[in-house]
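Here the chain labels run A, B and C in written order, and each chain numbers its own residues starting at 1.
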Amino acid sequence: MKHLLSIDDVSKDEALAILNLATEMREVNTREVRKLPALNGKVVANLFFEDSTRTRISFEIAAKRLSADVVNFTAKGSSVSKGESLKDTVLTLEAMGVDAFVVRHHHSGAPQKIAASNWSKATIINGGDGTHEHPTQALLDALTMRVRLKGASDSGDLAGVRVLIVGDILHSRVARSNALLLRKLGAIVAFAGPSTLLPRTATTLVDEVYFNLDEALENSFDVVMMLRVQSERMNSSFVPNSVEYTALFGLTDERFENLGGKALIMHPGPMNRGLEIASKVADSDSSAISEQVSNGVAVRMAVLYRLLAQESK
Amino acid sequence: MKSIVIKNATLANGSVTDVLIDQGVVQQLGGSLKGDRVIKGDGLMLLAGFVDLHTHLREPGFEASETVLTGSKAAAVGGYTAIHAMANTNPVADNAAVVEQVHRLGVDAGYVEVRPIGAVTQGLEGNQLADLGLMNKSKAGVTVFSDDGKCVSDALVMRRALEYVKSFGGVIAQHAQEPSLTKNSTMNEGAKALKLGLTGWPAVAEAGIIARDVLLAEATGSRLHICHLSTAEAVDVVRWAKKRGINVTAEVTPHHLLLTEDAIGEYNTVYKVNPPLRTNTDVEAVRAAVADGTIDIVATDHAPHAAESKDCEWGEAAFGMTGLETAAAVVYTTLVKTGLIDWEKFQFIMSTKPAEIGGIAGHGRPIEAGSPANLVLFDPKHEVIVSGNTHSKSQNSPYIGMTLTGKVTHTIYNGRLTVTDGRLVELEGNNA
Amino acid sequence: MTARTVLDAQDIDRAIVRISHEIVEANHGTDNLLILGIPTRGVYLANRIAQAIAKNNPGFELEHSLGRLDVTMFRDDLKSQPNRAISPTQIPVSDITDRTVVLVDDVLFSGRTIRAALDALVTHGRPKAVRLAVLVDRGHRELPIRADYVGKNLPTSVTERISVKLTETDEEQSVVITQ
């Protein structure tokens, strides 16, 4: 694998190899010296055209733990019409000698475009593109599920695990990448959300679709993943208002009680406490939200290692 | 001027004949004709020169993408003898000065008749009517008006425009796209858009405007033309309107006859176009609509873009694809070769009817003694792998690398060869 | 291709017992001993050495004194090798300070694996001392590294291959040189 652009590019074997490598990286992260020399001398550029402090820092720590040099390029709102084009930005950094670009972009497909162009020979890692995909998030979510449901040293897939993803499916790159990856790993994936944010065609991506959260929660899911709902959705007639959203699609204390502690609760962050997820739920023992963050570093180390540790052929 | 004889060419009605051309006019049809220059027409179709009702020539304002001259050359190579230049230039063709300039540039180029289309509203902004009457009275004699690229979405403005142009026999060519339903939309709505994380462009955004506008055309008794119809839903609305007797005509582009949204693959910006490429169901619907007459004509929506406008993120890329040089082959491949239409219909949708809608005399006429010599010879046996080597200034052709059947071998504009043996004839001086 | 057995099953067993004695003797007992095997076969040898020590020294607790150390990420030839599988590292104590670590590997050749192991080890802390036990030392060192406990010194030519077979992974148990 030269690039990580979409979960589509990742075979089941490759995904398991990354997860198993990430398991070892989790161990590295507990050592006294949390640093490996594997990527010594490599340059990883975080190319962020969209704000995301947590993803950038996660990639930065991951790359630094592998001894790579990290440079950060942040250009919010850069476009052809306003200032430098993506092409010129990439050409400039390429000329300075970059081995990998972690690309975060507000446009779907921007990492694919860089990879398909002749602008750069570097490895491209999708750090989240528009409303398309966020493959490393899906990998860290899968690792978190495996660790919590099957134990830290498990090296198998997620066959039979039932996962419900709730919220703004239409605009969620996390939902897309998770649906692709988890099904590849044998899980049964369902979407739930208001019909304005969950298109009819979503049945092409998952096994089950629910427009009523309470009905969905009756179907014994092992994992319930809540998605962040942007306030701008309320202003463009997707949802009447946040009170109604919480009442119909929020993981409230009451809904959480009804789950009886049987489901693992996840959220890719950042959370709107009190909107899509109640504060008590996020902080409960059933919640794996902070583990998702720490597993993020391990998974990104594994991805960087697999893509960069060997000379490109 | 030297006379030309085309030997043994096949006309749309299937008859094989020699044709003598002199003084810019078809002089005689028959056997064993003689002339200064002889063109072998064996196996070739001799048709009325093609007329495009929808071309973006980009001049003035965007000469890096195309000029009237380069666009005219591309048109000639594609078998066209007349093209209609869309109004979304800079400055916008919303007044007599700009349309006269474009018209003049067309005459100077000399490869095809360039008929400017006037904007419906000032600056294409959809609020105030442009100088419709003055553009009509100008030397350019504009009769087709369009805000193409943008929809005249305000119902009252559309109604007034339809009413206003009626007095001088004008037609409003509507770019049917409800803007509120297509905010940030870049590709057809559906599973593929969901997968790629792109905002979908629903069919109803097109069909809804068409439904409104055919009723406005009926209410005002005016003539309406629908640009680049792309969905099965829109076909149904136009079919209903025609059955009801509403004075509406409709066009489809070659790319909507051939390509589907699947061509986009992983964000290939060449296939970003407005209206977007649709599904196979839609492609079948527009093909059937051409065959049954619901769609009247094929128009290219030739939309050249400089390389940097396509060599970027999908979201930043410009909408549009070129089409003049490949249109005839695509239409032949998708409609004639498949048996959906015959040669007479091919000539009708490529020449006769667009000339009529555009109100352009001297084009799209039956090939008979006395007709102006605007003609094209087309070889339906010739298979071509489309190359990026174009006469258009831009290379954003969606067909590069594809194999198409059919090739324009000769184009005759006003009795003069602009294309011979598939090659452009370099003209010297003004209409020499 | 010629193959020559240089150690048979019994030779290997004897060598392991002898090394275990030497380790305890040099350490003046088993206090603070930590035996770490380097994957793959070093792990099995470390296991056997630790078992042999425990047999004669009842105070030697395996669960606090035996582990494994993966060195893949510390290798200096990562770039030229295809993605090597990484195996788990297990250090059975939270703090290796004041421990005498005995690294165990099957064959000592260029010394590069041991260099990687030393780098890997210091990410876990600062041991009091590090020793090296190998079943076979075949020479041709490329780094200033030597073994403290050696099962057998085997002068070889660079082109020869040494294959160590142990019952844990292989059908038989032997050390074979092939040309």
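The definition used in the following text is that a residue touches a chain if its C-beta (ideal position, glycine included) is under 8 Å from a C-beta of that chain, and two chains touch if they have at least 3 such contacts.
Model, not experiment: these values are computed from the prediction.
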Identifier of the chain whose CA centre is least distant from the whole-structure CA centre: A
Taking each chain's C-alpha mean as its centre, the one farthest from subunit B: C
Approximate Å spacing (C-alpha centroids) for the pair subunit A, subunit B: 45
Distance between the centres, which are taken as Cα means, of subunit C and subunit B, whole angstrom: 78
Centre-to-centre distance between subunit C and subunit A (centres being mean Cα positions), rounded to whole Å: 40
Residue list for subunit A, restricted to those that touch at least two other chains: none
Contact footprint of subunit C on subunit A as seen in their complex: 17, 21, 23-24, 27-28, 31-38, 66, 153, 305-306, 309-311
Complex interface listing, subunit B residues touching subunit A: 190-191, 194-200, 266-267, 269, 308-309, 311-316
Complex contacts: residues of subunit A adjacent to subunit B: 5, 79-81, 85-87, 105-110, 112-113, 116-117, 129-133, 170, 173, 176, 199, 201-202, 204-205
For the subunit C and subunit A complex, residues of the former touching the latter: 70, 73-74, 78-83, 86-89, 119, 122-125
